[in-house]
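In what follows, a structure is listed as structure tokens, so that the remarks can point back to it.
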Amino acid sequence: MSQKSLSDLNACGKDDFVAALANIFEYSPWIAERAAAGRPFAGVTALFDAMKAAVDDAAPELRIALIKAHPDLANKTHRAAGLTEESNAEQNSVGLDRLSDAEYEAFERVNNSYRAKFGFPYIVCVRRHTRDSILRDFEHRLPNDAATETQKSIEEICRIAALRVDHLVASDDRLKVQGRLSTHVLDTHSGRPAAGIAVELVELSELGVSRLVTRTVTNSDGRTDQPLIGGRPVPIGRYELTFKLGSYFADRGVPTSDPPFLDQIPLRFSVSNPEGHLHVPLLVTPWSYATYRGS
Amino acid sequence: MSQKSLSDLNACGKDDFVAALANIFEYSPWIAERAAAGRPFAGVTALFDAMKAAVDDAAPELRIALIKAHPDLANKTHRAAGLTEESNAEQNSVGLDRLSDAEYEAFERVNNSYRAKFGFPYIVCVRRHTRDSILRDFEHRLPNDAATETQKSIEEICRIAALRVDHLVASDDRLKVQGRLSTHVLDTHSGRPAAGIAVELVELSELGVSRLVTRTVTNSDGRTDQPLIGGRPVPIGRYELTFKLGSYFADRGVPTSDPPFLDQIPLRFSVSNPEGHLHVPLLVTPWSYATYRGS
Amino acid sequence: MSQKSLSDLNACGKDDFVAALANIFEYSPWIAERAAAGRPFAGVTALFDAMKAAVDDAAPELRIALIKAHPDLANKTHRAAGLTEESNAEQNSVGLDRLSDAEYEAFERVNNSYRAKFGFPYIVCVRRHTRDSILRDFEHRLPNDAATETQKSIEEICRIAALRVDHLVASDDRLKVQGRLSTHVLDTHSGRPAAGIAVELVELSELGVSRLVTRTVTNSDGRTDQPLIGGRPVPIGRYELTFKLGSYFADRGVPTSDPPFLDQIPLRFSVSNPEGHLHVPLLVTPWSYATYRGS
Amino acid sequence: MSQKSLSDLNACGKDDFVAALANIFEYSPWIAERAAAGRPFAGVTALFDAMKAAVDDAAPELRIALIKAHPDLANKTHRAAGLTEESNAEQNSVGLDRLSDAEYEAFERVNNSYRAKFGFPYIVCVRRHTRDSILRDFEHRLPNDAATETQKSIEEICRIAALRVDHLVASDDRLKVQGRLSTHVLDTHSGRPAAGIAVELVELSELGVSRLVTRTVTNSDGRTDQPLIGGRPVPIGRYELTFKLGSYFADRGVPTSDPPFLDQIPLRFSVSNPEGHLHVPLLVTPWSYATYRGS
């Protein structure tokens, strides 16, 4: 999908409007149709609220049909049969196309148990999650009753839709769907930002292999030129952020032990709020370090 | 070898003295013979100094013979042919009997390159090292000239001997051959020592598998009942010390995020001084932590 | 009073026993008399418990008489008329003989308001307090009813007595009446204890002048040879502990700014548990520092 | 002086230009006259550089005359006789009109010793200093020879002029004459910025009284709405920044001791670079805190 401007969506014919937004909600163009009546929208927030209201006001059968229109997670048959372009990109973004055998089996179990209990697929907004947290979330949700899970499914579907709207529609306002993960290395031995430190962010996985998220180097301000994760939700999950001090102190003529007391410093932490700003700084000398959840 | 008291060694006949100390220096009873003249010794330090003086005063050929009396490291033929009981225990202590293929090959290369250049085996006091640091030490030593390496070999042989003497001879004084690695967990959220934290110390390895050194739990003082490593040299090398906070804070009614920001906290550091006391404490809240090389 | 051994007190005649312990409870030898029946005591704890039991079991009039046998705090008339030697030393220890005018007036008000309400003097174990905390304690206690204050007065009297017993009677066991305040300076710039740092402990006062408690220098272990406060209760109150870095880092060739970012580092904290061990360490580089309540 | 735009100064007649800039260099309109030839200036930086070049290129006698045109610091006779409006404001900004007796005497000594040695007044750009650092700077400079001090005086005069230009002339570019002092309070007990903490910044003085610089409260981001010092040089000197935790933790239901271990937290530090950005954050729990020179 190429991006559309909100003003074009406000100005175009109803059919074009519906066509443009048909897959915001998976295979459910009726939502765009109902929202069309609210045009013109003052911003993308108003547009999304109108679509969400259409879902909230829909009859129970229609809401169940919307839920059932979604594919199973990481399901090879579904993938072969054809997901929407959007579903495909979303599932790939979290690595559901590259699962380990153990993960693949775990996802199969999840899909089957959930569908067996509720009669509809297990739906989660995968862009807000890691593979581990999808499986963990499932453990929390399976014991729920059908009413709760119907509601939860709709909420997840709206989260998916919000990200699709944010991606598709250009507007002066933005939906609050993006988070940020940043770092900062302060050399408290010299009282200055630490430049030139290689930094590596890895998503940890219990059943599969850990996955490199990004690799970068601190700039003269001790920060990274781009946030470690930005412009998208920060997936819920466990991470390891490693700072490779290597010869940083030795290069500055600082006496260290041989081998140096500190070389690679791993910080292991979890993300719980995908839309928040999580700042994880490092204060470091050759003999000590500290970190904290900053903001 | 069963332990002997220094007073017995001072009182017994010369033959018994030499027999008791014959293998302090590998297959070289002449050292004990020469030291015997110095009896009675005021302490184990004086005894060891006398043996060391015998080595230092020996003719060059004898010193080379002493060096050549040592086995190659991790050499299967030597092992089959029979190491001294002491060599065997020492090599096993550092895991030289359980090498990965890559490590085994690396040790072969080390032995062969070194022997090819110097005509005698590569000797290092393995109880003061990890597998990685033995290989790293080799890289530093191979470029040396023969005189330097003869001297270095004698120094390592004396370190081996000192540990054997410390193990064998009971005396009021002790040789300074033991180090200590300790930790302490302070919960700065409640201002109290953190009790009940599972702690795991792993020796990191580049070519082989990382090896669990010890697993323990903090006591009511936030310390461990026994040092993580004590009563022996702390092997030079890289380590990861992991603190498993798990439900520590949740159990105390502290609000945390879901999943908790901190769960398992790894501290990665190197040991450079086997005979020193290295203290690696953790100051921790649910949202921050700090460590430093203490004493 | 010169110190007595518990064995002598167990062995001597009853009159000597009572004479020796007559002033453990202010002007109230009847308590020692009643406790005498319990001889021989296995330890000083048993002796003190017997005296405390005598107080607890005494008739209400006798308990009130015990309370009334105590002098007003910092009262010049009482001082002129003669306190027991013990009361005098105790009041001087907390500086009640060197009050500022504002403090003197505050103590007068305290004594008078309290006596007016309850008909007996305001009693507090002054060795466990600073001047500020005595006044603060009074604010908490004045609103109480008579029964509560009778009980509180007895408790304070027993604390006074415990300190007098601890001072007077030598025994293998000790009463738990002593606390400790200690510090430790760790130079995390060099990864070593910081030796030679001048340290000054001052008791802060709101109405009077702040009072120097001790001035010392860190030793090679970064600690002080003696605890900052030890062998006695650590008085409840507010303190400022100042570390004079001065030229510490410059002397070690460490580049600093001019003037240096850190020179004198004050830590301001309160003591709340006089019998506990409070450890207040400093982790410091030329550009950062940290402290925490340790143990 | 009311502010002028650079474009007006570029466009006006030469006499008006000189009149407007006559006192940028104390009583020395010749500097503006010489700089006038360089019009039009692309920015205020170019304007200032032209004036500075006029000073650098001036004959030695003229440079000495410029130096001698400056008043003594804190000199009552000079003040009565009339300083330029600019000098007056500058001297008052650093409190030279409100000196303690000891400070007044110290400044007299400084002026007299310096003038006796060099034959011209002791000049320093007071807006970049505290009273203490002016006196400290003098101790460093008095031993210098005349050539060095002539040069130093010219440098200080140029710093004074730069601040006057920055104040007087509006332009798209700015001279780099301003620094910033900021803080940030992070509550690492809850993992959130600490809002509502009263903060007080005091300039410390050895001879006079310490002087309150600002008093403010942290906002919801744990920062202060305005920098502690901003829009001007941060005067070289010693400061104490006090954070009044008071009931911050108790109000949030956090168990603390009675009295709380931490109440008022003073950070004492020095400023050495008036044009830099000095960030002094506080990481705090009820039982620990840390600070560092940030950026």
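Going in written order, the chains are labelled A, B, C and D, and every chain counts its residues from 1.
FYI, a contact is a pair of C-beta atoms (placed from the backbone, for glycine too) under 8 Å apart; a residue touches a chain by one contact, two chains touch by 3 or more.
What you see is a predicted model, and the numbers here were worked out from it, not measured in a lab.
Trainee: Which chain has its C-alpha centroid at the greatest distance from the C-alpha centroid of subunit A?
Mentor: Farthest chain from subunit A, going by C-alpha centroids: C.
Trainee: Considering B-D alongside A-B, which chain pair is linked by more C-beta pairs in contact?
Mentor: Most contacts of the two pairs: A-B.
Trainee: Rounded to the nearest whole Å, what is the centre-to-centre distance of subunit A and subunit B, using the mean of the C-alpha atoms as each centre?
Mentor: Here the centre of subunit B sits 47 Å away from the centre of subunit A.
Trainee: With chain centres defined as C-alpha means, what is the inter-centre distance between subunit B and subunit D in Å?
Mentor: Chain centres of subunit B and subunit D, defined by C-alpha means, are spaced 58 Å apart.
Trainee: Of all residues in subunit C, which are in touch with two or more distinct other chains?
Mentor: Residues 188, 191, 257, 261, 283, 287-288, 290, 292-293 of subunit C each touch two or more of the other chains.
Trainee: Under the definition above, what is the set of subunit A residues touching subunit D in their complex?
Mentor: 186, 188, 191-193, 221-222, 283, 290, 292-295
Trainee: Give every residue of subunit B touching subunit A within the complex, in rising order.
Mentor: Residues 133, 136, 236-238, 257-266, 268-270, 272-273, 283, 287-293.
Trainee: Within their complex, state which residues of subunit C touch subunit A.
Mentor: 188-191, 255, 257, 261, 283, 285-288, 290
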